[in-house]
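Below you'll find the structures, each written out as structure tokens.
Heads up, the next two complexes both have chain A, just with different partners, chain B and then chain C.
Showing the complex of A and B:
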């Protein structure tokens, strides 16, 4: 009976711990649509619906370990069998809020998306104790001159993980 | 009455301005982001990872869970490979579940794992359990992309009683100064053992008269070196030194029986 009560209390305590579990590794993306609207062949367009940027990824870690953020194309802009080259689709980090880590290439440096995950940000020890790091992005797309007209849709992925 | 209408209209406009761009938000948390286990051959251990949908206003988050292998890249980050593609893979030992589910706003899901170490297994084995939001097709009727996010829990398993810690320093060099006047000290550690090592220690700057002029910690982040692989570590030295010849001396403790040490000379003009 006593064992049952202890087990029950342990279970309840475990559930409470789970229910109140705080940020360990957290990623908050405020807007997950990159809508370039109508574009002509040969046209270049940059999107930043919030003025200075398009969306913000807020990364938080409380685990006291270095973490990093990467980006990759999962599915390039495609329409039927036609594809816009990944290299024509680019991101730019425009700010990192309170982040003290390293922005790959530096703030305002533009990177082409790739199928291979590309490093965006590596945390500083000061970033690993619960500070929310707001990484804001702008995106651009160049439609090739000879691109077939159509509704092109794609998917990109952001990855957050600690170093081994 | 008019004032109430104005307030109502203003509130409505503000609510649209605030909430429309956020309707496609996603906010996930995983806990823990790292699992370290020591297991005897032939035994198994259980655990769980909690994934929370912290977005309280949007839709349920569709999440897929899967295991991948990992390797180091020169920039210190990891790359992820399909299951069973590295000698230190644990993907045949681990079972996770559930592997696909929806988490309502403000709720969480407990993903359980069972780690079953086979008889005869040795050393350290490593992998990552990924939690990825479902790919929602772009809503754009013209040109558009959707964004999904992926968080990973790193899993490290040591097979109890079988781990050998052995490493060697393969080279040390100092280059520079660069445009900012900084020197870069770099060294490579080769892991000869069968388990991850984390070589941590100091870099001493010694002048020609054998006086120590500085000492800095290296690999404070405790970055690891996977079994039977090399990893290059580098450290910028930004302090100004008077002209002369100096020695950069690295001393590392990786958890083995002996410390690793090496030095090289460099000149400040």
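Showing the complex of A and C:
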């Protein structure tokens, strides 16, 4: 009896190790820098250094489960105690490659970033079997009329997750 | 026998508990994350525009007090700065006030005051005699120093002494926007 129990426990632990060591959700960002350069107060600028887009997130899932791509500002544009409102920083999905899912709000429509995760893309069942889905973005920034001069930096986090 | 049964029961409970833990952990949604780093440099602004550079009292008689636009302002200075530090708008006469006979007149006969401003700073609203040394007319507030445009509106008055000569008096006025108090 003892031997059976120990064998069962070892089997379960091995399966758990296998399950956790082989991540079925993968995401790669081909360029993780976004530099708007020098801007004047009241100026708006759109960045797409690769012509049609700025960078591409490649999302792959073999889980056979719907996944969601979200984005959130984890650090707003900041300089000393000054910040640029997140609503002035915007994203646009320009293409989804082989993806057959749904772009929240549609392709080529622009939406503001937020500190809370915002839905960008919902996968189709065809996206969940190992196909690499290339989601390309461009970004824009509207500098407020009242913004203190300085070098601002911020961080955006993209999240690929199986819960909405 | 009883001890063996207890051990068996304990083992079954342990296995069920472990299985439950594994089930819960296995059903937790997976996620992957990627960060993107963004930068921008906001350029400095420090500018001033005067809408009307000519202050003309017309012909003044000895003993006259002439106030331009009694119920409103005469000219305005548009100031904008986003350095995040306090700035000041100063006003002074350049050189001397010259009368019709070519003789200089004391600058104190010429006065200014801030009528109002659109900023959140501190305007000098009392009649103040001009001098060759720049005097602070307006000190910026928090919004003014963060880039908001501030309009500072001025009024002017001439008090010509009774012993002065009647005529047209001329002077150049200097407006200065500066970080220095």
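Keep this in mind: the second predicted complex is superposed on the first by the 140 of 164 C-alpha atoms of A that agree within 3 Å, B and C clash if a C-alpha of one lies under 4 Å from a C-alpha of the other, contacts with A are read in each partner's own complex, and residues count from 1 in each chain.
Note that a contact is a pair of C-beta atoms (placed from the backbone, for glycine too) under 8 Å apart; a residue touches a chain by one contact, two chains touch by 3 or more.
These numbers come from a predicted model, not from an experiment.
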Task: Give one word, clash or fit, describing how chain B and chain C relate on chain A after superposing.
output: clash
- prompt: What is the contact status of A:132 with respect to chain B (first) and chain C (second): first, second, both, or neither?
  reply: neither
- prompt: Of the two partner chains, chain B (first) and chain C (second), which one does A:24 touch, if any: first, second, both, or neither?
  reply: both
Task: Figure out whether A:119 sits in contact with chain B (first) or chain C (second), or with both, or with neither.
output: first
Message: Per the contact definition in the header, classify A:94: touching chain B only (first), chain C only (second), both, or neither.
response: neither
Task: Have a look at where A:36 lands relative to chain B and chain C in the superposition and call it first, second, both or neither.
output: both
Task: Scan A:63 for contacts with chain B and chain C and give back first, second, both or neither.
output: both
- prompt: So, A:80: does it touch chain B (first), chain C (second), both, or neither?
  reply: second
Message: One more residue to check, A:148. First (chain B), second (chain C), both or neither?
response: second
- request: Look at A:158 in the shared chain and tell me whether it touches chain B only, chain C only, both, or neither; answer first, second, both or neither.
  value: both
Message: Give me the intersection of chain A's contacts with chain B and its contacts with chain C, in residue numbers.
response: 19, 23-29, 32-39, 55, 57, 63, 74, 77, 89, 141, 143, 151-163
Message: Could you list, by residue number, the parts of chain A that touch chain C in their complex?
response: 1-2, 5, 8-9, 12, 15-16, 19, 23-29, 32-41, 55, 57, 59, 63, 74, 77, 79-80, 82, 84, 89, 139, 141, 143-163
- request: Using the touch definition up top, name the residues of chain B that touch chain A in the complex.
  value: 21-22, 24-34, 50, 52, 54-55, 70, 72, 75-80, 108, 110, 126, 128, 132, 135-154, 156, 196, 220-221, 223-224, 226
Statement: Residue positions on chain A within touch of chain B in the complex are 18-19, 21-39, 49-50, 55, 57, 61, 63, 65-68, 70, 74-75, 77, 89, 104, 116-117, 119, 122, 125, 141, 143, 151-164
- prompt: Taking the complex as given, what residues does chain C use to touch chain A?
  reply: 7-8, 11, 14-15, 18-19, 22, 25-26, 29-45, 82-84, 143, 145-149
